[in-house]
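Letters are used for the chains, namely A, B and C, taken in the order the chains are written, and counting of residues starts over at 1 for each.
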Amino acid sequence: MATMALRPTADIVRRQVVDRTMGALLCLSAIVALTPLALVIGYVLANGLAGINLDLLTKLPKPVGELGGGMANAFLGTLIVILLASIMGVPIGMLAGIFLSEMGNNHFASVLRFLTDVLTGVPSIVIGIVAYTLIVVPMHSFSALAGGVALALIMIPVVTRTTEEALRRVPQSLREASLGLGVLEWKTTLFVVVPSGIGGIVTGIMLAVARISGETAPLLFTAFGSRFWPDGLNKPIAAAPLQIFQYAVAPYKDWHSQAWAAAFLLMLLILGLNIGVRVVTRTGFQRIR
Amino acid sequence: MAAAIPAAPRKVLPLLGAANFHDRIFRGVVVCFGAIALLAIIFVIVGAMVEQSVVSVNTFGLNFIWGQNWDPVKRQFGALPFIYGTVVSSFIALLVATPISIGVAIFAVEMAPPWLGNTISVVVELLAAIPSVLLGLWGIFVMIPFLQTTVEPWFIDRFPNVPLFQGPPYGVGLLAGGLILAIMVTPTIVAISRDVMLAVPISQREAMLALGATNWEATARAVLPYCRSGLLGAIMLGMGRAVGETMAVTMVIGNRADISASLFHPSYTMASVIANEFTEATYDLYVSALVEVGLVLFVVTVLMNAAARLLVWSTAQSSQQLGAL
Amino acid sequence: MKLTGAGSTFDFPLFTKVFDAWGKKTGGQVNYQSVGSGAGIEQLTKKTVDFGASDAIMTADQEKAVGAPVVHLPVTLGAVAVGYNLPGVKDIKLDPDTLAGIYLGTIKSWDDPKIVALNPSLKLPKTAIAPVERSDGSGTTYIFTNYLSAVSPAWKSKVGADTSVKWPVGIGGKGSEGVAGQTSQTPGGIGYFELAYAKQNNIATVVMKNQAGKFVPPSVAGATAAAAGAAANMPADGKAIIVNAPGDTAYPISGFSWILSYKDLPDATKGKALLDLFKYTTTSGQQFAQDLSYAPLPSAVQTVDAKIVSSLTIAGKAQ
């Protein structure tokens, strides 16, 4: 009846006010959460762009106190260490992911899956200690190899889980069709299942690469850093995040501006990989970890 | 890390009883270089940490955890200041980040239209992709001066006798560490909370709305209590991340092994002391003590992560069962 | 020829210049990591570097841990400046009491009566003092704390002198670079680091009261004057501490810095290059010292250096 519903009771008004207020607060929290991202990206852009020049990418660091020079060795070092880590980490990670996905219907695999997830949460500095103990001490030297091993240890659990997730998304009918046609199991896996899931696998690998390219803590006492071109895999090597750290805590203004510029490039790489990979494969809007 | 529970795995390649020789080789390779390698890595990590810290464990025993005195010169190693610094800075981080993160998750899942909700969660995940050292760089040159010149003096002037706000406005310190950690754990909590909330069956929410609840009431009384343990799991995963963070915290925490009630006092976390002192541990006991700090950190993170994942898993499990109704 | 060294941040500015010049002359390359004297000693012990550098004299325990005899080669001499961050306030004077008080935590504010008494002409603000110290094992700390122990009985009993001590107050910075950075960025900050860092970053430095009662700023001349007495009586092993030295113009917080090397250089080719590097650093390399605010080695010290270098053996054979 029309007359009854015209005037809301005080109770209903109160509840609607609460509803509106909470809605506004939630909206506010979204803005607050995104503000640091905007601030960090903004500052890195503003301070970094000013310091970008060709020298940064082509020259070696100058002796302390002298202006100029660049971080070419650090960028090259990052590339080398990432390559090392990927060579070691991607095959193992992919194989483990294949195991968990295709052979993983037993208790052993469940436990392994759980342990892998927990492994992704191990602090990277602890991984650095392990790599130091395993590689640096017996070799009596800091080395690119030790840095690569440390980053590989971080990469493997991530690649394992993303590979497994990607292969799980491959429809079961594909496997059954292949087997039904008489294709052997190993060929089915390698030539049917994996290529089907390759988008998700590559996405996972790229995201893992993006993550390790920014890691500093495990490199502190493995790769150690250097002011020269890389000298061999068994010698210390510079790396971009490491150099940024050393320059940031130093008092030289020149180093600070180089640090911002290098940060800009590093961020470009990492955010570029993250966004690019998700956009291109379109699988990224689901959870990829 | 996948947030949702794994779906029932398919039986394509049974572990044992292969018919074909090539299949057996393939399975052998996968098991060997995949599964066994992964297991080996886990054992190697645990083994290396335990082996290196044996000397320290034997020397100090449980006093290591309670001892307040970290003195490499006098060969006394007590890790309490670092445990304190880690716990307090993580606590501050969670205090600040939890309401905001869960708020964002609720907003993205329940209140915003799907395109906005998805965009927000992708953008928040981008925040997770920013390396620790870059956040630390921003922290040193932007956040610290702000704290030094604006925030801390304000508190010190207005509350001169409150123990929480004592001391010169260094800028670096527990508060700075806590705030930067808050920025770093927000994406983790948002992501897991979002997953957990998405797993709540829509029927729960719809039932509330049908009974005349407002949007907020439906969320607060139907959705949130349903995924309570999952949200707790999200917070614990956030705490796990906060505890293990190294670079950003090292750059803003002040590097001082002290226990003080003041938020503005410089402090030290377990990860920071390892980062700063590892390359200078000049004798075995020192190295062993630092590795033991690392072992404590490792154990704490692993336990927290394991418990958190079980919580999240159990929420998803129960909602799957209910959702099938 | 590639050589690696690690250690003192005190020496870092000088070393990069000297090693760069040596590299241009000989085609060799020296990768020196400025990680602090403590870390340098550790790397030498673990044999992960060819030579170390330290402003702290190794203890008997540390020398034993290396397993092989080690020599201390004095390569430079410098002043540990006490820098501070108080815009507009120039040339603050401090004496041993006030400096010890600041680092003991008993003097907390820049307008403390004791500081005002020493600086009647300066307008000192009410800013809190924010002491900055080394968080890593440091030879610069060694020199600084040796000085404080020599002039303050309270400091000696409460804290003592070493490369790493339990500081009563203050925040930690990594390396001289870290301390200089923190000091210059924190309002009211005060920190200790080699003079080169103060000059390169325009950090104002404290004028210290020396043993003779005169106020002396940190400088090359001040360090040279401090070393004058010790140079004449330099022991054959090169180990000498010169804090709180007598003399009107002596700067009281000065110290030598040493390259640490195995007495027997294990590798033949590397050994020859190392000998050449050591000789260059202690002779022609000294030309770069003055510009970078280090004191050139007194000739008496260079004589001792030459003797130490010629006593080194390569792979068991004398030179």
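The criterion applied here is as follows: contacts are C-beta pairs under 8 Å (C-beta built on N, C-alpha and C of every residue); 3 or more make two chains touch, one makes a residue touch a chain.
Every value quoted in this text rests on a predicted model; they were computed, and no experiment measured them.
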| item | value |
| --- | --- |
| Taking each chain's C-alpha mean as its centre, the one farthest from subunit A | C |
| Comparison of A-C and B-C by number of C-beta pairs in contact, larger one | B-C |
| For subunit A paired with subunit B, centre-to-centre distance based on mean C-alpha positions, whole Å | 16 |
| Inter-chain centre distance, subunit B versus subunit C - centres from mean C-alpha coordinates, in Å | 40 |
| Multi-partner residues of subunit C (each touching 2 or more other chains) | 173-174 |
| Residues of subunit B touching at least two other chains | 279 |
| Residues within subunit A bordering two or more other chains | 224, 249 |
| Sites on subunit B touched by subunit A in the complex | 1-4, 6-15, 18, 20, 22-23, 25-27, 29-31, 33-35, 37-39, 41-42, 44-45, 48-49, 51-52, 99-101, 103-104, 106-108, 111-112, 118, 120, 122-127, 129-138, 140-142, 183, 186, 190-191, 195, 214-217, 220, 237, 240-241, 243-247, 251, 271, 274-275, 278-279, 290-291, 294, 297-298, 301-302, 304-306, 309 |
| Complex contacts: residues of subunit C adjacent to subunit B | 35-36, 38-39, 41-43, 45, 61-62, 65, 108, 128-130, 135-137, 160, 162-167, 170-174, 182, 185-188 |
| Residue ranges of subunit B in contact with subunit C within the complex | 69, 71-73, 144-145, 148-149, 167-173, 254-256, 266, 276-277, 279-283 |
| Subunit B contact footprint on subunit A (complex, rising order) | 15-16, 18-19, 22-23, 25-30, 32-34, 36-37, 39-40, 43-44, 47, 91-92, 94-106, 108-109, 112-127, 129-130, 132-134, 153, 156-158, 160-161, 164-165, 168, 172, 175, 179, 184-186, 188-190, 193, 210-211, 213-217, 220-221, 224, 241, 244-245, 248-249, 256, 259-260, 263, 266-267, 270-271, 274-275, 278, 284-285, 287, 289 |
| Residues of subunit C defined as touching subunit A within the complex | 2, 4, 12-13, 16-17, 20, 29, 31, 33-34, 46-48, 173-175, 177-178, 180-181, 184, 196-197, 200-201, 203, 292 |
